[in-house]
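Report on the structure given below.
Which chain is which? They are A, B, C and D, in the order written, and residues in each are numbered from 1.
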Amino acid sequence: MKRIGILTSGGDAPGMNAAIRAVTRRAIDKGLEVFGINYGYAGLVAGDIFPLTSEDVSDRIQRGGTFLYSARYPEFANVEGQLKGIEQLKKFGIDALVVIGGDGSYHGALRLTEHGYNAIGLPGTIDNDIPFTDFTIGFDTAVSTAVDAIDKLHDTASSHERTFIVEVMGRGAGDVALWAGVAGGAQKIIVPERDFDIKEIAEEVKEGRQNGNKNMIIVLAEGVMHADDFKKELDKYGDFDSRATVLGHVQRGGSPTVKDRVLASKMGAYAVDLLLDGKGGLAVGIENNKITSHDILDLFDSKHKPDLSLYDLNESLSR
Amino acid sequence: MKRIGILTSGGDAPGMNAAIRAVTRRAIDKGLEVFGINYGYAGLVAGDIFPLTSEDVSDRIQRGGTFLYSARYPEFANVEGQLKGIEQLKKFGIDALVVIGGDGSYHGALRLTEHGYNAIGLPGTIDNDIPFTDFTIGFDTAVSTAVDAIDKLHDTASSHERTFIVEVMGRGAGDVALWAGVAGGAQKIIVPERDFDIKEIAEEVKEGRQNGNKNMIIVLAEGVMHADDFKKELDKYGDFDSRATVLGHVQRGGSPTVKDRVLASKMGAYAVDLLLDGKGGLAVGIENNKITSHDILDLFDSKHKPDLSLYDLNESLSR
Amino acid sequence: MKRIGILTSGGDAPGMNAAIRAVTRRAIDKGLEVFGINYGYAGLVAGDIFPLTSEDVSDRIQRGGTFLYSARYPEFANVEGQLKGIEQLKKFGIDALVVIGGDGSYHGALRLTEHGYNAIGLPGTIDNDIPFTDFTIGFDTAVSTAVDAIDKLHDTASSHERTFIVEVMGRGAGDVALWAGVAGGAQKIIVPERDFDIKEIAEEVKEGRQNGNKNMIIVLAEGVMHADDFKKELDKYGDFDSRATVLGHVQRGGSPTVKDRVLASKMGAYAVDLLLDGKGGLAVGIENNKITSHDILDLFDSKHKPDLSLYDLNESLSR
Amino acid sequence: MKRIGILTSGGDAPGMNAAIRAVTRRAIDKGLEVFGINYGYAGLVAGDIFPLTSEDVSDRIQRGGTFLYSARYPEFANVEGQLKGIEQLKKFGIDALVVIGGDGSYHGALRLTEHGYNAIGLPGTIDNDIPFTDFTIGFDTAVSTAVDAIDKLHDTASSHERTFIVEVMGRGAGDVALWAGVAGGAQKIIVPERDFDIKEIAEEVKEGRQNGNKNMIIVLAEGVMHADDFKKELDKYGDFDSRATVLGHVQRGGSPTVKDRVLASKMGAYAVDLLLDGKGGLAVGIENNKITSHDILDLFDSKHKPDLSLYDLNESLSR
């Protein structure tokens, strides 16, 4: 193996640049050449490929987004798409790849490995919804952005004794809501993994008000319901001077946190080491504070499990 | 004059605490006693009034919101409401007041002055929509929060070549949109003070794409249209991979910026000086970088004028 | 057990307030009464003790510092000091304690347990220098503050092609330097746990310059050497346009990060659960992403081990 | 006039990139071609000059530092240096220049104008020490960074009842100290423009302690004295548990504030308009909230005057 490629795929996440930097620098340090591939699999097929130097990834670790751009490219699920991609790899003399993205992008990595081009997947997504990893690259930053917003809403909630319903990202998984809820001191967290009863919540809010709780925040995972709809349901049970707020795409951006930068750096270096060991078709994770890897195939049979102890913790701390 | 009261009214704004601190400290420094009034005019009428010491306002300058709480209280427009308030002022021996809030709260200040209780108004609102002042307390912080969000959206817009429509606060005035648009490097600013043609904007976005502009942000004042509706209109003219984001109440909170803290400190001290000069019924402003005051009556006949040169500047810089 | 006390001791750390909140809320949720003790062991001995309600810890999770104040009180190492403290516990009817602080404060917790008052220690220190825990409360925030400063120095280092020597906290342990170095993209990390040769470093900086590396940051743990001294040594080997910067006490303050808030919340709740189980003389930790506890006695025989894999990782990524 | 050049000179300041963007975009919008000159006057003389497109300045407005790099180049004070620079201007067909930097860089601008190449100076420096402008580009960001640090020190000062002496930038002028002191809620501000008596300050600190003031911050302009020396002097009059902190170069970096971005954008556009009017040898400023210009020659005879009303305000508000 002499040349590796690197691409980012799916929704962008803070820390992707830190991961690209780590892959590039580690590979160069080990004597490899590195090529950047723009726009994910679409760019691979189109041959939008260029050499990456150590200097190119300087001053990148702190930047949000991905300077290799990202795109969704469903055509790569077809063999024709894959073969076109492989043609480009041949053309540029690239022997192996690192792919950073959500689990959608892992399919491509697996297919390329099957075609004889070892590919390693790194979990780059703010949703934290990937199996066999406690944390994904970008998750901590997204939660931090959400909590920063919740802190600001606390100021105005306190001043006016309002109730805020804050919709955070997380289509399939409640991780962002769970972490942002605990860290934001939410009165209540609503996630797809747990049932809820709006009437009961209304009772709790009333009770909280009576106990002198002046700043009530309900954190809602977008996968459950829209904040506006939740507000309408809640308002049926009383006047809580409630406001719905959707944090939205802001959660995708921003300079990555320390946790995300270090995670991305460790994972990026580890991916290169796996390739140097002749391995492919693996997804890198962090489990119990250790960098690990698993067959991508195993991921497809598994489901990510959020840390629901946070839900129970919050129930206990919001009283 | 021996005792002054202070209250915050209307929507809360970052810097209100800095203003309360300044009023309190200046008054104490000049030998006065100071009383805080909770929940604006509602608390005045209800007698929710307590002495404020220098220590009480320590560690407050950097906090968002208002620790005196705020509330809307339309009943204070009636004479009965006002007389109840005056009864409380008598009871607590308060001779004069400083009122921090939007122009709604200035009516109360004027009425109290007419009843013989000098009251000075400070412009505390994120909207910047008050006449005879270039800036209101809280405006710079709200714009900073909006620009911080726009910076984050830029990251993801760049990574995906998307167009973001960002709805910022400002029901009647385009100030937040104008400042956030220029500081955020917006492709386009949409404000109530200027006409716009969605078809033309669609053309500009297309053109921008062709010129290699990868991160397109359209900043929209909430008074013009909802972001979702704007998106629908825009999408009629092409596929811009557009996303609508509503920043919402987050803009109200957060630690005040340097500009807001200094402005609030200057204005708070000046309000006390006016009261010591035996004046009332005045609204404090900053005009051409100098602290000024005007009859509240004059404000009611006037209209705030946003700095529309920023609109033209942005047109020129977004090419 | 009906009543528990809580105190913070030693140097303050961001997240202490989040831990106090968690202890208080969890205990109240479990039917206990909670008393706050101001100024650590000094306040315990002096009887500076007061009841804490759920409302008292509202709006605290996001605040830096400790609202129970902290103080060093070496007199508590003596039996007389301890007996005076126990007298106060009797007076207030307090059966057990949670102590948040560095390992100095664990001695007091152990002594109180030996006297029949169960006490649990939580690791609250920015230095991360406590055995049997991967992370202490406050560490992630301190590193984030350091990295935020390093990011700013990068801007000016890039503009002028300067070399910055950044001294970060960590008297005995290199943890802050290791994490801040990797997350800040440092050219070099200098920690007490690893030897270094200034001449070699000078060579590396020269080489980096030749390779086009424009922003060079050397992160130095304060326990190794002062930044000014390091600069003088470095300058002997060439003109690197170097600047020494000491980040200092700023690293102790600020709103805690998500990671610190969640860690403090989990640990605080766990400490109450341990007390409810009748346990004392234990120190809480997080190991391999799980909340754990160990005999305080065992901690005194052990030494904290920094994650030195970060050192090697950085060597590889800074090329 | 068909082609203009742009360079940044002297110490870098946040907002320089926003100014470069504004100059470039405005000039292109007016039909001009724009050339960037790296490393200030050194790069001009060396011919380190390249065309700037609208796209080149995209995604720059929010970045600290200057992507054109900066350097000090005293040789440009000599006629030979100037003639070499002019040779390069001829070679690249550049007719006029915009120079962003401190007043040192204005000398070069004046000389080039005298040689027939109109040059306009923009005040880019964090020190705010330039005559005929109320604010320089970068000043608000530097103060914001200082105040952010002071806020953090407040947390730890409160927790431990310490006194912090915070040294901020400002060699010749007290502006940073004045603004940071007022916005940071300092107990005392020490600037070169006002005398001070350390014994009196010690008395005030003692008094403050007795009045329950728990978090004492003394903000010291670096031009007056080093923080360590101040601490030593202060400690002669009592034990204040004082700590000295030097904020240092961190104040130079970071993403520019809204105020700095808008100021830089307005000034950059205005500089181009002046060149289009055939003017040169002028320095742009903002006075009483209006963009203005003055002969550079007049600046050399004048001295910047800090807003000392802030000093008196702080004396009144820190009681």
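In the analysis below, contacts are C-beta pairs under 8 Å (C-beta built on N, C-alpha and C of every residue); 3 or more make two chains touch, one makes a residue touch a chain.
Worth saying up front: this structure is predicted, and the values here are computed from it rather than measured.
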Identity of the chain that, by mean CA position, is farthest from chain C: B
Chain C-chain D separation of Cα centroids, rounded to whole Å: 35
Geometric centre distance via CA averages, chain D-chain A, whole Å: 39
Euclidean distance of C-alpha centroids - chain A vs chain C, Å: 28
Chain B: positions in contact with at least two other chains: 151, 154, 158
All pairs of touching chains, each written as two labels joined by a dash: A-B, A-C, B-D, C-D
Residue ranges of chain B touching chain A (in the complex, touch as defined): 8, 11-12, 14, 16, 63-66, 69-71, 145, 149, 151-156, 158-161, 164, 243, 245-250, 252-254
Residue ranges of chain B in contact with chain D within the complex: 21-22, 25-26, 28-29, 54-55, 58-59, 61-62, 134, 140, 143-144, 147, 151, 154, 158, 179-180, 182-185, 211-215, 255, 257-259, 261-262, 265-266, 269, 287-290, 309-310, 313, 316-319
